[in-house]
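A short write-up of the structure that comes next.
Chain IDs A, B, C, D, E and F follow the sequence of writing; residue 1 opens each chain.
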Amino acid sequence: MKTADLIIAVNTVWVVLAAVLVMFMQAGFAFLEAGLTRMKNAAHIAGKNVLIFGVCSIVYWAVGFGIAFGDGNSIVGTSGFFPSTDEFLSIGAAPFSFFASIPGAAGYLFEVVFAGVSLAIVWGAMAERAKLWVYFAFGTFFTVLYSVVSHWIWHAGGWLFSLGMQDFAGSTVVHYQGALAALAGALLLGPRIGKFGHDGRANPIPGHNMPYAVLGTLILWFGWFGFNPGSTLGVVTGENIGYFAYVALTTNVAAAAGALGGIAAAWLVLRKPDVSMMLNGVIAALVAITAASGFVAPWAAVVIGAVAGSIAVVGVLWVERIGIDDPIGAVAVHGMAGVWGTLATGLFAVPALAANLATGSGGLFYTGSFHQLGVQALGLVTVGAFTFSLSFGALWTMKRLWGIRVEEHVETAGLDVAEHGMWGYPEFYIPVPGGYGTESHSHLLGPGHRHEPVPEPVSEAQPEAA
Amino acid sequence: MTKVEAVVIRERVETVIDAVEAETGHVGVTVVEAIGHGRQRGVTHEYRGRVFESRFLPKALLTFIVEDALVRPVVAAIADAARSGHESGDGIIWTTRVENVTHNRTGLPLAEVEVA
Amino acid sequence: MKTADLIIAVNTVWVVLAAVLVMFMQAGFAFLEAGLTRMKNAAHIAGKNVLIFGVCSIVYWAVGFGIAFGDGNSIVGTSGFFPSTDEFLSIGAAPFSFFASIPGAAGYLFEVVFAGVSLAIVWGAMAERAKLWVYFAFGTFFTVLYSVVSHWIWHAGGWLFSLGMQDFAGSTVVHYQGALAALAGALLLGPRIGKFGHDGRANPIPGHNMPYAVLGTLILWFGWFGFNPGSTLGVVTGENIGYFAYVALTTNVAAAAGALGGIAAAWLVLRKPDVSMMLNGVIAALVAITAASGFVAPWAAVVIGAVAGSIAVVGVLWVERIGIDDPIGAVAVHGMAGVWGTLATGLFAVPALAANLATGSGGLFYTGSFHQLGVQALGLVTVGAFTFSLSFGALWTMKRLWGIRVEEHVETAGLDVAEHGMWGYPEFYIPVPGGYGTESHSHLLGPGHRHEPVPEPVSEAQPEAA
Amino acid sequence: MKTADLIIAVNTVWVVLAAVLVMFMQAGFAFLEAGLTRMKNAAHIAGKNVLIFGVCSIVYWAVGFGIAFGDGNSIVGTSGFFPSTDEFLSIGAAPFSFFASIPGAAGYLFEVVFAGVSLAIVWGAMAERAKLWVYFAFGTFFTVLYSVVSHWIWHAGGWLFSLGMQDFAGSTVVHYQGALAALAGALLLGPRIGKFGHDGRANPIPGHNMPYAVLGTLILWFGWFGFNPGSTLGVVTGENIGYFAYVALTTNVAAAAGALGGIAAAWLVLRKPDVSMMLNGVIAALVAITAASGFVAPWAAVVIGAVAGSIAVVGVLWVERIGIDDPIGAVAVHGMAGVWGTLATGLFAVPALAANLATGSGGLFYTGSFHQLGVQALGLVTVGAFTFSLSFGALWTMKRLWGIRVEEHVETAGLDVAEHGMWGYPEFYIPVPGGYGTESHSHLLGPGHRHEPVPEPVSEAQPEAA
Amino acid sequence: MTKVEAVVIRERVETVIDAVEAETGHVGVTVVEAIGHGRQRGVTHEYRGRVFESRFLPKALLTFIVEDALVRPVVAAIADAARSGHESGDGIIWTTRVENVTHNRTGLPLAEVEVA
Amino acid sequence: MTKVEAVVIRERVETVIDAVEAETGHVGVTVVEAIGHGRQRGVTHEYRGRVFESRFLPKALLTFIVEDALVRPVVAAIADAARSGHESGDGIIWTTRVENVTHNRTGLPLAEVEVA
């Protein structure tokens, strides 16, 4: 076997395992979001991540992957739709010639989990009040939208990539985009009942389970080691062997600095070391380092992370202050931190590393030139305009035509029982731990009381069902 | 009117309410999860090497606000339905006269709403 | 170092990490099952997965691995019991010559976690009423049983493998077998108290924590990326470099289709988008694609997954209708979907892929021949007869001799407090958040009330203990 | 590309992924500890793991890594502080010449997660009563302390390594050290309010969530497959290709034996198959096999694990009996089992494996010589003296100067609400699932009651904040 | 003194307490989470293929121990504040005379503490 | 018979029950977790940037059905045992006469069971 083939095999091991780590981030979002929302919606909030990752995986296989990484022009990929077995098995060949050192299948796997993350962010700000069908409809729409932008910035032929935009693993592509759609959704849905008093003052709606939020955050941190380092798409990067280890390092120190930055900011600004703010700080730091992880020095990663941690705290407050109800803080944590990370790369990118990655040039701090910073800003502006306007337009249309928000009584009762038919924690609402039927049965065993059978439940559905 | 309160084992909550509705026609109850201690001995627990008794067992506390005329049949229906046949723990019932029974939605005395 | 050795090293990295992902599926089952059962049994249900994986790991090391993958005849492996250090370190040598390109130790690790998954399935249908010792006894028995069948189908010398049966990662070996034993157990244990009313109508017994079930499902999806792709046992498969990436792709699109198929079927059949049914749909799809993942085209994976998703919904209803109490839906989700997946491979296997894997031939859809389908059916019938009858026999004997079901009062009180001595969530049953002792101590601090010490608890055990 | 470079790339893939698995153990500790403590402290206990891993990651990047693995003398590393990008990218060069076959960045990543685990252990015994700032102060101090000892035992130039001490993955370095600091903390903090009655009898304080503890344990088991096998730091170990697979095997059978040993011991000694004790048994077994995993035969791993499982049970009882309040059992599970594992290596080390690892010699059982056992004991004594005395001294000083334990009312109310401002499970303490504000808003929608606005909350902080 | 007990929807707990304090000046309440069944129909549940009714809805049970003179205004304030405008489920109120109302911290009759 | 109800801090639940049993010999109690608001100020919360007061603190509501003769000693024992020495929050006690006190298992008046 030729060494070249072996390198491909090793690259594939790395990329597939990185993709698997990123896929697990769905569990991270599920628990972060379930923990920061209310008990009555817990099953819905957690379960929706399974649903949207399902939608995303199918849509991305059908068209998204072709749009993003199929051979095409500088705006969009024009081939590789509903790819065949051979197209997925081939390496560095049309329609996925972009992936020169891994099979197309590995490319799909790695990219679809990124789309899934971006989509997961969207629903954070729309939590606890969106109709279920919207997840299907907008999920499909956004997956396509996302694919277009990822073509611009990541595909060798993409126009922003050609300009030298540096977005190593997607502060802009994944997080900022997700936050833009989240913002559109939050604006169109409006705040949850009771979020703002008649005097417009915001009321806190505490999430129901902080340990869930901690678990979610640690799963995200864990998955991010696939997210950023995996974006090398191989084990040798330019001159550097095992460069992904360096990317993992910048990711880790940034996240750590974000935890400290977040809790410190909360302690100073809010006078309390708010646990949920520390968690937001970690995530904001990971979001910010995402663009920069391959380009910056360790000390810069610490700075980027610490700043992002405080952005999370102030950003969450500010979004609420301007009257937007974002239960998870998606706009601040993924949007503002994503912008910061993208710009910070333009500030701190080390020329040698940029050269080694053959992407853009050194940052202001090293070169004294505003060029790279300008490119980053251009990317933010164009993506912002594109993704926000189209997301807003799509959701606005859906709202007008069919309505995207649940009825008041559904929201009050909770989505679990009203939409899905069962509480997320049934035993907190129903006093019969043995199940509904227990008593109508168990007292047959003892010499207990006998009474007329419970009225037949409305279960006429089943006969046809089975 | 009269308040009938009953402590029963949790598995029997629905049986008891069914029995009250079936045998007296009274509808309306408020249920609270409770833990109780009585003649019945509690549970022996073991946790990380400590063996100890907890005197408490899971129960439910039911509150029925009923017409005075219904008190006896309601009490009978509850006691009858709450009996599990186990050797202990079936709980107890007691009643109290209550005044000013008001129905929030209408603001009327509950009695009038009941007839309504 | 020779390239050949390096390939072995890379294979080992891949197989070991895949095994680790599969091992984590124990946490997935623990939370899926704990979430779909009651609060009073939560510690028992979750904890038993640790217990049975412990039993399985020891038994499989002692005899199971030798039976399954030790050199032997077409029925059973006859060597490699209590393997030595050298036997585990050697590559492609007796007694584990089956593993030609990884050390025997990697083989053990990868195969034992599969046995653990199969065993985990068994207890799903037996949840909330089996005696604790049965986990030890039947766990040991089933591990051996499982090893025999895995020898038939996976070992190069196994008789079903020789016939060309296609079961890439074990729809039959792992899932169908587990479900057969689960069925035997559910039949012999009988339904939980209160599951069926005196009129025979089934009563719902809602699981106590849907977020747990979601977490469990996402962990399973995550782990399945080790389960199926890892079954290539190496990084180069016939002609294809990094073929495991393709297997991961079919696995992912099938799971996604299962989520959509499950929730759609629930919405249509049950008129509610039941979250737990969507989760079952995902798992059923993963079960079904397990046999097919290496053999089919992406579009076929989508079909297999979507069908499996609806099988889960209808199957769960049907199993309940015929009077079987399967709290987790193991029989439908692992059994019926396992049968579907095994047969579907006989329908959709791509000839070229089958040839490349040197296992069986193309499926009906491509070849027009019923041959492969017939082989798959034969495998299902023989394994079904073998595993069900022996599992039933073993459990029947245990039931007769010592009884396998807990007493009624234990079941009513819950296994946590009755068998293990403590609730899974003590603070929901005991009103002293400070711990039992708090008051007998803390009021010493303040000028509070003094009273005679609490009667000495029955803790005479300790002195001898320490 | 040269094969030598490719081997480095493969090593890096393995080591980075192993490091990622170990990093996830933070989630394991978070949930194990949150599950074994009380509801009122759940957010604090879980969240602190994010905090301390943040502190540890920054301190270890700044100085710890240099002290532990920077080139230096036999006592301490004297270079590699605040390492630069180039220092992290270089392979086998100063200041991290210790890492001959992976980049320095991979070395950092793998070693920092070990420091994080050791630090996580510390807080287990200090749970539910330590002040928040202590996490920052002692976390920093301990990270440095830990780095010194890891230099002694793991660095090629370390004095204990030179003597031939065998501690494959850190029973002594990571677990025993963590337990020593934990013991110092537990002694200086004193027991939680109510833990011991006026008659000195220990009162049980049940953990609030056993499923959490199970999840935590399974995550730890999962992560341990990075912990021990990853410590090969490469895919080829001496003569053996893929030796890490063998290490994974010994790790798994030991953990399994620990589960069985733990539950058996609990059943015998406590007369109940205590779930939490089974979990402790698993962890104790993993702790014990950590030193031995690369040196012993499978059967010895089973013995080591089973013994460790019973040590956990008896040790927890004994620590409590002598009046120490260790909520998680860190002293017994990590300390006593760590000692056992370190000594057991001196008993069971296979000469051939020791030779292949070029570390120490065979154990008593094989050689009849007490030499290796003596070396192991020497290591335990010196590390014990060093780490315990310095940890105790540091905490004693902090206690004297500022106090390390929260006020009684804080401890009684719970750290979540008293220190962080919000309950871990708000809806169990606040009767308004709709959030505080719901009623002041929702009744505007209906023709409901109107009343004077709720008094403005003390939120003057915000305006300046935003 | 008199015990005023009220079952209200959970979202209204704080509104009701605010109203009592604002309109009668009475401070002091004990709240218990409850589930209730009344004229209002319950929830239709679906779980794994079973469709069934649960008659219970989440409510809260409030207990106020008040001066006899305050009973009428307190009841009025509660009923007024508990009214959600929904078609059902707003709950009910009832009162009972109670004796020996003792204040644990001081051991004095509560009335005297109130004035204190 | 008489119903004695007491609101106490949760840490004191077992102390209070022990005291009642030790000092009056009465056995039998039903406990409900409650949250309370009284003279004692509540907790200042902070959540994601909002600082606000919650007026509620965790308490427990104990219900004892006792012989009329035992009312005074039971109330005294509770008040005594519930006193934590803290500056606030120890709760209150009140009593009510109750009728038809029935014992579910036997169907007899509870009094007769007690003596039995």
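The rule is short, and it goes like this: a contact is a pair of C-beta atoms (placed from the backbone, for glycine too) under 8 Å apart; a residue touches a chain by one contact, two chains touch by 3 or more.
In this text the structure is predicted, and so the values were computed from the model without any measurement.
The interface with the greater count of contacting C-beta pairs, when B-F is set against C-E, is B-F.
Repeating the B-D interface, with the same residue numbers in over half of the contact pairs, is the pair C-E out of D-F, A-E or C-E. Put simply, the C-alpha centre of chain C and that of chain F have 49 angstrom between them.
The distance from the centre of chain B to the centre of chain C, each centre being the mean of the chain's C-alpha atoms, comes to 43 Å.
Shared interface positions of chain F, i.e. residues touching 2 or more other chains, are given as 11, 31-33, 35, 45-47, 49-52, 56, 58, 80, 82-83, 86, 96.
Among the residues of chain A, those touching two or more other chains are numbered 3, 6, 10, 13, 17, 194, 202-204, 206, 269-272, 274, 276, 317, 412, 420-422, 426, 430-431, 433-434, 436, 438-440, 442, 445, 454, 461-462, 465.
Listed in rising order, the residues of chain E touching chain B in the complex are 4, 6-8, 32-39, 55-56, 59, 61, 71-72, 75, 78-80, 82-83, 88-96. Within the complex formed with chain A, the residues of chain D that make contact are 1, 3, 5-6, 8-13, 15-17, 19-20, 23-24, 26-27, 30-31, 34, 42-44, 46-47, 49-51, 53-58, 61, 82-85, 88-89, 91, 102-103, 105-106, 108-109, 112, 132, 209, 212, 416, 419-427, 430, 433-442, 444-445, 453-454, 456, 461-462, 465-466. By the touch criterion given at the top, residues 3-4, 6-7, 10, 13-14, 17, 21, 38-40, 192-199, 201-211, 214-215, 217-219, 221-222, 225-226, 229, 235-236, 240-246, 248-249, 252-253, 255-260, 263, 269-276, 278-279, 282, 297-299, 302, 314, 317-318, 321, 350, 352-353, 408, 412, 414 of chain A touch chain D in their complex.
Residues of chain A that touch chain F in their complex: 202-204, 206, 269-272, 274, 276-277, 313, 316-317, 320, 329. Against chain D, the residues of chain F that register as touching in their complex are 11, 35, 43-47, 49-54, 56, 58, 86.
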